[in-house]
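There are two complexes below, and they share subunit A, which is joined by subunit B in the first and by subunit C in the second.
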Partner chain A sequence: MSMVSTAPSRRRRVKIDPWRWVGRIFLLFLLTFTVLPMLWMVLTSIKSQFAAMQYPPQWWPAEPTLQNYAKLLDPNGSTGQEFLRYFWNSFYVSMVTTILGVIVAVPAAYAFSRFTFPGRTFLFFSVLLRNMFPSVVFLMPLFLLMRWMGLVNTHGSLILTYLTFGLPLSIWLLKGFFDNIPIQLEQAARIDGATRFQAFFFIVMPLSTPGIIATSIFSFIGAWNEYVYAYTFLSKQDSMTLPVGIQRFFTEFATDWPGLMAATFLMSVPVVVLFLVLQKYFVRALTEGAVKH
Partner chain B sequence: MAQVVLKEIVKQYGSLYAVNNVSLTVEDGEFVALVGPSGCGKTTTLNLVAGLLPMTGGDVLIGDRNVTDLDPKDRDIAMVFQNYALYPNKTVYKNLAFPLQMRKLSKAEIDTKVMDAAKVLDIVHLLQRKPRELSGGQQQRVALGRALVRDPQVFLMDEPLSNLDAKLRVQMRTELKRFHQDLKATVIYVTHDQLEAVTMADKMAVMSGGFLQQYDSPKNVFEHPVNMFVASFVGSPAMSLIPLEAINTGGKIALSSSEGWQLPLSEANSKKAQTASTSKIVLGARHSTLQLHKSKESNSVPGRVYTVEPTGDVTFVQVFLGGATVIVSLDPSVDVKSDQEVWIEFDQERLHLFDGETEMALTDP
Partner chain C sequence: MTNSQDRAQRSGSPVRRQLIGYAVATLTTASLMSSTVFAQAVDISQWSPEYIRSIAGTEEVDTAATCSAVVPLDYTGKLTYWWTGPNEASPDIERQINDEFWAAWKATYPNIETDAQNIDYNQLLDKLRTALLGNAGPMVLRLQILGGIEFASKGYFQELRPEDVGYETANFWPGAMKSVAYDGKYYGIPTNNETMGFIWNADVFKRAGLDPESPPATWDDVVTYSKQIHDKLGIAGYGMVAKQNAGNTPFRFMPQMWAYGGGALDEASDTPTYDTVEINNEGAKAALQASYDMYVRDQSVPVSALTNTQNENQQPFIAGQVAMVIAHPSEYAKMVDLAGKATGADKPVADAVVANMRYGLIPKGPARRAVVFGGSNMHFIKPEYVDGGFDETAAKAFACFYNSPEWSTKLAWTGSNPGNLEGFKTKWMKERLDSIKFLDVTTSMLPSGIPFPVIPQATEIMNIIVPDMLQNALTGKMTVDEAADDAARRVDDLLNGL
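On to the complex of A and B.
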């Protein structure tokens, strides 16, 4: 009997928490703020040039068309060739940056996490030195350096630059990850017959996959979105990356807004896909170590 | 299985000696416990034997091989860690198989050995699970299994029971002891719990401050501690130590307290006391050797009850005496209360005398 009588009274005690609603409204506002521009981008990309420029604006395209996308992705047309070229350049630069970044950051972070060596603390913090300045500060010095090394107008210049920008965060993130893997696991592996490298490769690496994936996403997105350096270092049209290339849709007299929006949309696809596929690792990486297992 | 010899091993971190000149021999098939408080160097010693840390000096011999410069993987040892160190992303089966895979055994051989070990430890039904799906006791068994599959020369165990709850710990303690007896394995076992050491080990090595204090059978360590540290560390509750002053009373020695009472020593104990480097002598006595009287008796000294701790089987009474507290065990039926005046009688045969300066046990000259 007592069980029956307590249940409803407990339900009545749940109050409407005003703060909860304030939070929800704020989140709704944020969502609108971030989604609306993207929505407008997609809507504009399926309008015709004429419809896009109408005033008052056409909220919903009257005659939706995929013409803009077809033009961009057509390998035979001149616009298509150009766009695909930029897309490939961006992909190539970002991919190489990411792979090299992981190759360098994983052993570096592991060393910082596991070994004691002279100058360890100094080195670890000097890794952060670059991040203490806005990246534009390095634009001219790096440009001069690249010119001196003959790397201007090569993708190598960008890859090197992006690496130096992306590595600090990667190393710090991965070090946190390695710190959380008990050293006894490696010791056990070494006693079980593994060399130091095998212990790292067979035991530590699989456990730090989420961290490695998260750092990869970071450096990929960083390289994919970067504009200023790409704009400065590359002047030849066929080596340009997407953020710079898309700019060519602005012309002096008539900007092709629908085409620009379609290109922008296509540019955001890889990042979104990457996030959707790997988001569970990403979240794990960022919350790793927040609670004791 | 093999003998393990540590020869003057030293581990130095900067100016700190974590392990200072430790030499000891673990005979083939012996169960040796390294015991001491935290930071005494026992785990470091174990890691040096395992080869997980580089040594500053000394040699480690396993069997007839000098393994000082060998990698852990080449030392033919197995280790059980305090946190078990099970590979979290592998199933129990793969955890057990890993050391065999690393030694490039064939699939069939691996399967036989894993199944054998799993049967011994009664974990066959857990083989397909991941470590996080297991209870503490089961994880402990798997960790033991991973050490067992390889049939190593020596088992090293680093506080393997300290993460278990009290009841399971006692149960696993008996199982480990049985496991050692059945396998005739050479085991080096690190623990901070002197009770584990006393109950399981053939020999115990008591360490403090990086030094090996005493290395002997638990019985000898218990009955003849070499110094005040060992005396107070081994045994529960700890041995009571009372700092006193030696005075000569016509050939015999008596110990005098600041409270004014004197305890005349027997002839044998007087001889021991005379070997001291100073007149300051520390009297040590275990709770079970002390007698508590409610009224003054000859050869007893006065004290005052501080607390009474009944445990059911036995009641421990703490008594203020000569500026120190001594612990006396009593039958629960005896009725004493806090602040009661009592008289304590020492057993001359079973009391311990220590040099007040060097803290070393005083022995027959």
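On to the complex of A and C.
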């Protein structure tokens, strides 16, 4: 008879870290807090108007329908025509604002980063002056100014306004980027015969791409979502942007919730896509400068 | 299952008796007004559902011919116009009629280049304020009844009365004309007159042991019914609305306050001077106490009443979680529209909701039966505030066309009554009476309509001070007496420019 000795199994004791679990639960809560409203928005958008008013609510639509989306995206229907026009207007205004913002902010930030000139510090802080006041303070003065310039009911009024709001942040963000690019790289380029502009354009710009992209995302989102100025400056349906245009789903006595949710979902698509595609640059931009080079 | 209209057509039913009784009761009041409304096409001293039915469809109109006498149909000009029209959330029929109107306008005056902007109800006043400061207003606009006086008092509006566009003042409801008068002059034309009614859920009434076909007759009954419904079924009885800075609140609370004999000022009297503050009189306090009883003592209204507008009450009403609400006729039309579009499993539920809806007169109180006299008015803006200049002829052509008996009736199809009383005689009014349930109720409420005070401070009193008073009492921040006295002090300060 053979004896089989079994050695006591060596079980690895895993230490439970309560703080780690608290963290996970907190993250789960944050995830729910963030995702649930969007999930509800999507679910409501595929309900009929009547189903959206049921109580207790239909957690999953009894009769799911994509009719609200079809209506909004149908270029032959009046609703679709208007929605697509608002969409295009928002895209146009946001894109032009972003491009112009970058064109102005990049050289401005570069100048603040690289050059020393009288009043540099004062000017650098003064670009923030506008952002120290609530935007509504400037509503009437800007409206009167736009009226004087003949820009009321034009997209130019919004682009100009959004630029004045977005530029300070863009300049500050980009200056931080330029500060982190070693000046020796430009000096080397200059020694190799590059002009200052060539050194800026071929050396500094490519290195600051993450910052420029992050700034562009900020600028685009700001212009895309802006409501108060668009609501004040524009009164013609043809020129309305999305945040103002989707008010057509409200009346004094009723709200078309599914239509509103479908429009809101479609409105969020460009921003989400933009963010997903460019998020690696965005994250890099936020952490740039955290470590001293 | 029967509906209110069916019942109204059966002799002896409670609603029928109510309507007739009510019509008789209003005869006295109306007759007092008849001395000032001579030469009316529609005799409002005879106002009753039967009278309205008897005159509907008795007159043929030719809008183009009428307006050609004011402005030649080949006139070439331009028009800019702002209004709040139907949109995606409106019943289909409203949008359809709106499209027909613009097609007809273009066909009638093809050479008037028109820029019409349909601006959201909640945006229009703010946009107008801003635009006028920048001299960028439209030539013509249509504003909610309470909105115009602020701009008239600031000198933005031109003098305007029906005679300027081919109609007679006598053919517009006196209360509506009062809403476009300021400092002894007229600044607009009433486009439509509207009053709300009382909607209840018959099925809920039945389950709560109430007569499903009889609405509460008085505001005291509303308190009692609301408690009974809540106690038996655990749902809200009355759909109270008490949100701050919201127009919905006074539209639902003021009828209650007037019914008990109160008022913000003396707007409920026959000849209001708007000099007397009545928001803390015994009637006003009784109305406030009734609201307090429902919200605090009985807890029989939605807990969210303090932040609710009527939009927030619609959903629980449809879901059978609220039994009674003061509602606009448009809301009924909207629910019918939604039920018509429901499919599959939603369809029987939607149909049941509509079948259980009843529409009746707003309850009366110890002093009177009352409802806010609502609607909209058309105004002309002074040339110096108009973007691109004012084309008076085009504006007059448009005002004539819009306020014609034909379009005054059609554009008020689901939710309102024609501002031009001649509209009651048209075939379209007959069609409405034949096809729209509860229209009798809406027309019957008109003589009970009380316009908000026609003073520039009315918006602040109604949208700010009245809701604040309700909130102060319902949250327990103040007693009922203190809340009413505080409101009175604030109204007094406002009127005295403090």
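Just so we're on the same page, the second predicted complex is superposed on the first by the 275 of 293 C-alpha atoms of A that agree within 3 Å, B and C clash if a C-alpha of one lies under 4 Å from a C-alpha of the other, contacts with A are read in each partner's own complex, and residues count from 1 in each chain.
Basically, contacts are C-beta pairs under 8 Å (C-beta built on N, C-alpha and C of every residue); 3 or more make two chains touch, one makes a residue touch a chain.
Not measured: the values here are computed from a predicted model.
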| said: Based on the shared subunit A superposition, would you classify subunit B and subunit C as clashing or fitting together? | reply: fit
| task | Using the touch definition from the top, say if A:Pro182 reaches subunit B (first), subunit C (second), both or neither. | result | first
| task | Tell me which of subunit B and subunit C touches more residues of subunit A. | result | C
| request: For A:Gln49, decide between first (touching subunit B), second (touching subunit C), both and neither. | output: second
| field | Which superposed partner A:Ser235 touches (first subunit B, second subunit C, both, neither) | value | second
| query | Counting only touches as set out at the top, which of subunit B and subunit C does A:Arg190 meet: first, second, both, neither? | reply | first
| request: Return first, second, both or neither, reflecting whether A:Ile203 touches subunit B, subunit C, both chains, or no partner chain. | output: first
| said: Taking the superposition on A as described, I'd like to know which of subunit B and subunit C A:Asn76 touches: first, second, both or neither. | reply: neither
| field | Minimal inter-chain CA distance - subunit C and subunit B, angstrom | value | 51
| request: Going by the contact rule at the top, pick out the subunit A residues touching subunit C in the complex. | output: 48-51, 53-56, 62-63, 65, 79, 139-140, 143-144, 147, 152, 231-232, 235-237, 247-256, 259
| Within the complex, which stretch of subunit B touches subunit A? | 47, 50, 52, 71-73, 75, 77-79, 81-83, 85, 87-89, 98-99, 102-103, 146, 150, 156
| request: Using the touch definition up top, name the residues of subunit C that touch subunit A in the complex. | output: 82, 84, 86-90, 115, 117-123, 126-127, 130-131, 133-136, 310-311, 314-316, 318-321, 328, 330-331, 334, 338-339, 341-346, 349-350, 387, 415
| said: Quick check on the complex: what are the subunit A residues that touch subunit B? | reply: 182, 184-185, 187-195, 198, 202-203, 206-207
